[in-house]
Each structure stands twice: as C-alpha cells, then as structure tokens.
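A, B, C and D are the chain letters, set down in written order, and residue numbers restart from 1 in every chain.
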Amino acid sequence: MMTVQNHVTAMVGNHAVAYAVKQAKPSVLAVFPITPQTTMLEKLAEYIEKGELKAELIKVEGEHSAMAAVYGAAVAGARVFTATSSQGLLYMTEMVYWVGGERVPIVNAVATRAIAEPWSIWDDHQDFFSKRDASWIMMMAENVQDAYDMTLQAFRISEDKRVLLPVMMGFDGFILTHTMERLMVLDDEIVDKFLPPREFSLIDFKDPVNVGPIAAPDDYMKIKYETMKAINGSKAVIEEISKDYEKITGRKQYGLVECYMCEDAEYVFTTSGAWTGDAREAVRRLRNQGKKVGLLKIRVIRPFPKERIKEVLKGVSGVVTFDREYSFGSGGVLATEVKASLYNSGIEVMSVIAGIGGKDVRPSHFQRVMEDVLNGHKFEERWLNE
Amino acid sequence: MKLEIILRGRGGMGVVTAGEILVKAAVIQGKYGQSIPSYGGERRGAPVTSYVRLSDEPIYIHREVYDADVVGVFDPSLFKVMNPLENLRDDGVLVLNTKTPVKLWKKTFYLDAVEIAEKLNLIIAGWRLVNIPMVGAIARITGVSLDAIHEAVIETFGGKLGEANAEAAKLGYEMVREI
Amino acid sequence: MIDYPVPIGRPKEGSAGLTGHWRVIKPVIHYDKCTKCRLCYIYCPENTIDLLEGFDVRIDYDYCKGCGVCAQVCPAKAIEMFPEVK
Amino acid sequence: MSELVPEYIRRKKVISQQHFFRGNAACPGCPIPKELELLLEVMGKKTVLVVPASCSTVIMGDIHGSPSQVPVIHSAFAASAAIASGISRQLRMRGDDAKVVVWAGDGATGDIGFATVSGAAERNEDIIYVCYDNEAFMNTGIQRSSLTPFGAWTTTTPTGKREFKKPVPFIMIEHKIPYVATASIAYPFDYQAKLRKAKDIQGFRYIHLLSPCPPGWRFDSSLTIEVAKVAVETGVWPLFEVVNGEFSLTGLSKTLLDKSKRKPVEEYLKLQGRFDKMTKDDVRAFQEAVDSMWEYIKQLVKK
C-alpha cells in the first residue's frame, strides 16, 4: 500500500462539496441560493472573500442565469461550478439541456429536494431524476465522503477529452447537505495532480467560431448520435478515473455500481443516494439472521450501467428497487430501468416507492419489505406511505 | 463504542453546533461521528433537535435517532411544549440544563449551564449560550475526551470566543452531577 | 484551430449561399451621374457595395438582394432599379 | 449583367473591408447586417458576440458557415446577459482585454430576458449590451412584444396594439449604469460614435438601436433608412446618451426639444402599413405620448 496523503476531519455535506470545489480551483462560479444548498454557496463566498479560492463568483439573479453564466465562462475556457436544488434545478432546465447539447464541461451539485406543489423543502429525488434525458453524466452520493470524492471526480470526468459532457452530482438535501460526518480530505497537491488545470476554450480570436448555431435535420441527428456514443463511452472513463482516485486515496472507489454482500444473495436491494446507507444497515441485520440478501448501489444514473447491473446480479432470484421519485403514469425510475437492464434474464424486479417529500424511511422499513419478499409476498409496486 | 444521542433545545441556542462539536471531537479521537439536524422551517425560539451518532466503526445509517442512549435537554421549559424524553431508552441517560434539579429519568444528570454562560459572559443578543457547557457535560457522560472537545471548540470558534467556549466546556465537564 | 466534437461554424462569405439569386429587382449604377458621395456604400444593408480606389463604388451582384435602399438614399438619383429578367 | 458595369470600374481594386460577411440570411432591406458591420468596425476582432434567439440567430448562419468574423456564442432566449457575464468574468480571469457584446432583439431584452438584463446591469457586468429593436417578435412571424408601439398591427394585435411601448432605454438609465444610449441606423456615425464611447468605458453599457423591419413594419424594403430617419425627425425615436448619469441629446435630436421643430408623427406612421388601422384619435394619442416623452426628456436635460 502506498502512503496516502490525506487527513481526517469532519464536515457537513455542503461544506465538503465546497471544500472539494475550492481544491478543484474553478475560475468562475455562478450560484443562486436555495434551501438546502445555501450553506454551500455561503462557504464558497467565504473562500473567495478570504482569498483561499481565486475565482469569480457571479451572484446571479436566478438559476437560469446561474447555468447560463457558467456556460459562458466554460465556453471561454473556465473550469466552472454551480449548485442548486429542486425548483432551482427546474428553473434552470432550459440551460441544463443547452449545456448538455453543447457538451461543455460543467459540474453542478444538486442538493436533492422534492418539487412543489405542494411546497416541500425535504428530500426526495424527483428534481434530480427529472434531468435524466439532458445528456449529462449523473452521479448520486451515498454519504458526505462520497459527495466530496464525487465532486473531484466529476471535474475530471467532465473535462476528459473522450467525454466532454457536464456532470451533475446529486446528494440528498439535508440528509447529506446538513449532516456532519467524518471526512478524509486530500492534500491540495494531490488534488492538483489528479486534476490539472483545464485547457480548452471555444473563444480564440485567431480562430473565431460560431458556437451552437442552427443545425439542419441531418446535422442535428448526427450530433445527437455522437453524443449518444460519448455518454455510453464515458462508462469506461468513469471506471478508469474511479480507479485512479482509488490509488491516490487508498480508499475503495466504486465506478458505476457497488455490490454489497451480493455474492450468494438471493434477493438484492437496489438503491441510489443517501438511503443506501440505511439499506446497508438493513442488509447487515438480515445477514445476521442468516438471510441471503445483498445490496446494489447505483452510483451513476447516467449513463445507466445496464451491462454492469446485468453482470453483478447474475444468479439472484429477485431485486427490490427503492425509488425516491416517481415517473407519474409509468413507475419508479430505477425500477423501470433496472427491469429494462435485466430484460430476458428471468430475474424478478419488485418496485418500492418510498421517502417521497422527505417521508421517513429507516433501516427497519427496508428490513420489513425484504422479510415480506422472503416470506413469499411478492408485488409489482408498493408505496410505503402508510 | 456506539452511542446515539438526541440534543433538544430551541432555535438560536446552538443545538446543531453542539452536535457538530461532539462529532468533531470523536473524529479527533480517531472515531466516527455523525450529526444530523432535524430539518424544517426552523425559527428562532422554536424547538430544535439534533441527532448525534458516535462510533468506533463507520456509520452507514442516515436517519434520525429513535432509540437514544443519551438525551440532552438544553432548556427545561421544553417540557411544557413537548416530551423531550421521547425516544430515550429505558436505560438511557438524561442530561438536563437546569437550576432546579428534578429526577425525571432513572439516570438523570444535570448542570446549571446558564450560570456558566453568565460567568463567562457567553451571551449573544440576550441568549445565554448554554450549548457548549452542555457539550462538556455530555462528553463527561459519554467518555469523549475533554482534550478533543477543547480542540474541536477552538477549531470551530477560533480566537477569544474559542477560549471562552473551551472554558465553558471544561466547566460543564466538571460541574455535571447525577441526581 | 479549435478541435471540438460538436460542430462549430466558421466565418464564410455567402453563408446563406449566393443571395443574389433572391433578387427580383436589380440596382444599376449610372456612373455618369455618380458623385462619389458613398451614401449607397454606407447604407447598403447587406454590405454588398464595395468601395473602390478613387471612391468609386461597385455592387457585388453575387450577393445583392435587391432591396433598393441604395437607389432610395442616392441624392444624385444615379442608381436605378430594373426588374430582373431571368 | 456585367455589361452594366463599365470596364474601368470592373478593373478597380476594392479598398473597403467587410467586417460582417455579405451573403447572409437576413431579409432584403433588413438593417441587421449593416448594424453588425458598423459595430464590428468599431469593436475590432477581439470581440465576442452573444446572440439570443432572434432573427440574428438565423443570420449568424449554421454549422457550415457564419458571416461573423468574431466568435459568436448563441444563447437561449432569456440567457444572453448571463452568458455574457460568464464570458466576461472568465476573460478577466485569463487576463484578456477582449470585449463582450450582447446582440439581442427587443423580445430578448424587454420581455423574456428582462430579468437577466436587469440582473447583469445591477451587477455592473463588464459587457456592452446592444438591443436592436425591431419592435416585435419578427423571427417567429411578427408577434407583438412589449416594445411594439401603440397602434401597430402585428399578428397578435390584428386591430393594432392598445398598449404603449415599454420605455426600456429609460428603465436602463434608472439602473445607474455607466453608459446608456439610443441610436438609429439612419445615423450610422452617431451610432458608431456611441459604440466607440461605450468601448472605452468599463461596466455595463447599454445601447438601444432602432432597427426597422420591412416585412414586419409593412414598408417597401428600399425605405429602411428613410423610416429610421423619419423616426428621429418626428421625435418618435430620440437620440441621446447618458454618461455616468449625465443625459445629453445627440445629433438631430438636439434640435427637437422645441415641439415646433419636430415633424408630426403622421409622417412616420404613414410610411408603414402596420399603422394603417389607426384612427384619428389613435394618432392623436400617439402624438401626445411622443410629446409627453419629450417633456420628460426636458427634465433629464436640465439635470
């Protein structure tokens, strides 16, 4: 084992992400405050005012402009960062698609939160998953450490010449943004090596180009075909960067998915986000009772790791997906996509919808659902709303 | 060690900060910690809760504490508006900030954190800052080292305020008594 | 050169093709009446009038869309509009 | 056709330079290419244009070629002032003294993008914002905007607009930005002088340029310059600039404070088919609105 140069501290999620951003040395940030992201913005403003981060922080008048401003800066060659949540993410939606279409490297941290109406400031994943078709790479953090690690990896992935796509990092509102946990942070020099300065600009006065003009139908579809290839190709890059990061931290990283106690499992939970930890706890307790259960954490939502899912779930009898968002008129998003990934495999997929709008979910909820399944109570879709 | 703690007070008392200092202290001691504030549209004066986990092993769970080993009540008047002892285990410990000690649980500890705050002039906008003396008291009961608390407090507040609060933690640590 | 996976346009005369084909009426300069005031050059909305040495002007018929502004602004009435015969 | 050009003319060398290439997709008689030509002549090659959804989106060409010889960053309808803010900040970070110019229509400026423009102005972003005002959503086929004048026909005001034009240049003055000016394509040297001044100032600079649209305003394409000129002569479109809060009229408008010097608005209205349906009362109301604007201008001049 190589000597690892990092040190242990404790931070809340918002500050851990802000710290990673500081270490990534972006030159332009544009952020508009929204609960529960706000304390991250405040921390970033503090870093800049104290001179710890040399960057322009554009205090825009709304999220649409936040994404627009970082787009402009990214086009001009800046490493950029923005962050939002819920209504803010919806408000910037036009620009989310815009930057995805233009394939500009941008990192957007989304403190996941339910969407109005009715008003809710609490956590679910409806906002984050609503952006799944915008040609962004999308990752979900499990804990504060993950949010820190992912933020640094996100910049690398986004700017990789083989990828060139914006990256959205989701981390659960309040549950991670405001939770303080033990955190290993890397030394600045290590981060500098992992993340060299960005070299790429679309503004060159010797080669003036027209960025994002009209494309006729043939051109347009060709561009989208290339984007499809790039985002699918990014799976390998994400795994590669994850391995690289593992080397500098000495901590196990999981590129696209993580399987926890899957080996001989008969039934497996599938989750994404902070409640993966609660599911982990449930699996531990069930294993202690001799039950053959496991957990599949989907770390990367886009590109959806269908091949890996099929591979790691080979041999299990069934999967219980937990969705914290819902595609109304269809079903839980993970459930639908896991089902599609397992097409023709004979593995049964059961869908649980829970935690919507911050509704309480504890390890015991996971436990109870799994016990029901093991007792033969199968279902297609079940809402934990009692 | 695997401890689950609930801290209860009112918005503006520094309940969340108290939880975070316990976590920082645990990490300084090489352990794991987690502080989850109750989240909502909190307002100054309204009841606030902070959940804390301290452990020798990584903490996976990201939920509130339902079965606490320790409950810290920062303001005795909370008993008039809620049951602060909800979710405290039968063999759990109550730590109470009060001038008039009453045995409200099998294991009840108390200290006069207001007096400590006044003594050290830890008063902001009319509020006596009772949170750090409470941290000291809870550290004593849970076995978190006073040195680690000292370091965490200095790191959090810095400067003169850090020194005063470190002293407050020490006094809380020393003055807490079982009824 | 900027190397980028999403196509980006580069500067080009005639980005919309030979726009002279759009023309239905054509401006013709009567050089005998031209006073070299250059108003047509200044006002031509499409920038299709070239300024030549000696301050003469010349219409670039490849791109002139035949709007008629030049004839309208010419104080000497030296530019006449003729229907295109095609 | 070449026989119409005498041999000695045919042989002569070109001494002028194209700053914005001909043969672009603008309608015949559309002043936008000329307005950009004049702008780029002043601004030079180290300029970035930010163009929101508008006629200019089409004029800027496609992925196979653009008339612009400086970088163009296309923008969503409401985003241009924000995109320009981002570009400007990064140029500052990389120590580049290039200029960022937003080239936006009236809809992107006064309607959907209004909050964005106002936000960038309040932050005093280092950008030049030019609104080329053709007084309606022309690219989508002539729908009214908040900058369409009273009485004007559009496809969404088939009997004439009942509301008055939003006074965006005056609203921008209230933002207390370092530079605000109006211009008209009929007065290219006045327009270029203002661009030159704006170029040398730091902060948010706003230029509002009246840009007649032959199909949208219903006049013959040969009359673009005439219409833009009469707009100034009748006082409908005052030429002014405000440098660090100091207001002054420019060009012909300097002489128009006295109402008797201004041509009646009918002369402007009758040139354009879009005002055909106006009644006598409407024309009177239009005239009164112009006169009251000039009363307001009088106060600004006195300050």
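The criterion applied here is as follows: contacts are C-beta pairs under 8 Å (C-beta built on N, C-alpha and C of every residue); 3 or more make two chains touch, one makes a residue touch a chain.
Please read all numbers here as calculations on a predicted model, not as lab measurements.
Student: Looking only at C-beta pairs that count as contacts, which pair of chains has more of them, C-D or A-C?
Tutor: So, comparing the two chain pairs, more contacts are at C-D.
Student: Just give me the whole-number Å value for how far the CA centre of chain B lies from that of chain D.
Tutor: Taking the average C-alpha coordinate of chain B and of chain D, the gap between them is 64 Å.
Student: I'd like the Å distance between the centres of chain C and chain D, where a centre is the mean of that chain's Cα atoms.
Tutor: About 22 Å separates the centre of chain C from that of chain D.
Student: Centroid from C-alpha atoms only, then distance chain A to chain C, rounded to Å. What do you get?
Tutor: Spacing between the chain centres: roughly 55 Å.
Student: Nearest whole angstrom, what separates the Cα centre of chain B from the Cα centre of chain C?
Tutor: Distance between chain centres: 81 Å.
Student: Could you list the positions in chain C whose residues touch two or more of the other chains?
Tutor: If we look for residues of chain C contacting two or more partner chains, we find 7-11.
Student: For chain D, give me the residues that contact two or more of the other chains.
Tutor: Within chain D, residues 60-63, 66, 68-69, 72 contact more than one other chain.
Student: List, in ascending order, every residue of chain B touching at least 2 other chains.
Tutor: Touching at least two other chains: none.
Student: If you connect every pair of chains that touch, what shape comes out? Choose line, ring, star, complete or other.
Tutor: If you draw each chain as a dot and join those that touch, the picture is no line, ring, star or complete graph.
Student: Following the definition at the start, I'd like every touching pair of chains, please.
Tutor: All touching pairs, sorted by chain label, are A-B, A-C, A-D, C-D.
Student: Give the list of chain A residues in touch with chain C in this complex.
Tutor: By the definition above, chain A touches chain C via 101-103, 164, 201-202, 204, 207-213, 215, 219, 223, 226, 230.
Student: In the complex, go through chain C and note every residue touching chain D.
Tutor: 7-19, 22-23, 26, 28-29, 31, 41-48, 50-54, 56, 58-63, 65-69, 71-73, 81
Student: Which residues of chain D touch chain C in their complex?
Tutor: Those residues of chain D that touch chain C are 1-2, 4-6, 9-10, 12-16, 18, 20-34, 37, 60-69, 72, 188, 214, 220-226.
Student: Using the touch definition from the top, list the residues of chain B that touch chain A in their complex.
Tutor: Per the touch definition, chain B meets chain A at residues 19-20, 23-24, 26-27, 30-37, 39-41, 59-64, 66.
Student: For chain D, which residues count as touching chain A in their complex?
Tutor: For this pair, the touching residues of chain D are 45-46, 48, 50, 57-58, 60-63, 66, 68-76, 78-94, 98, 115-116, 118-119, 122-123.
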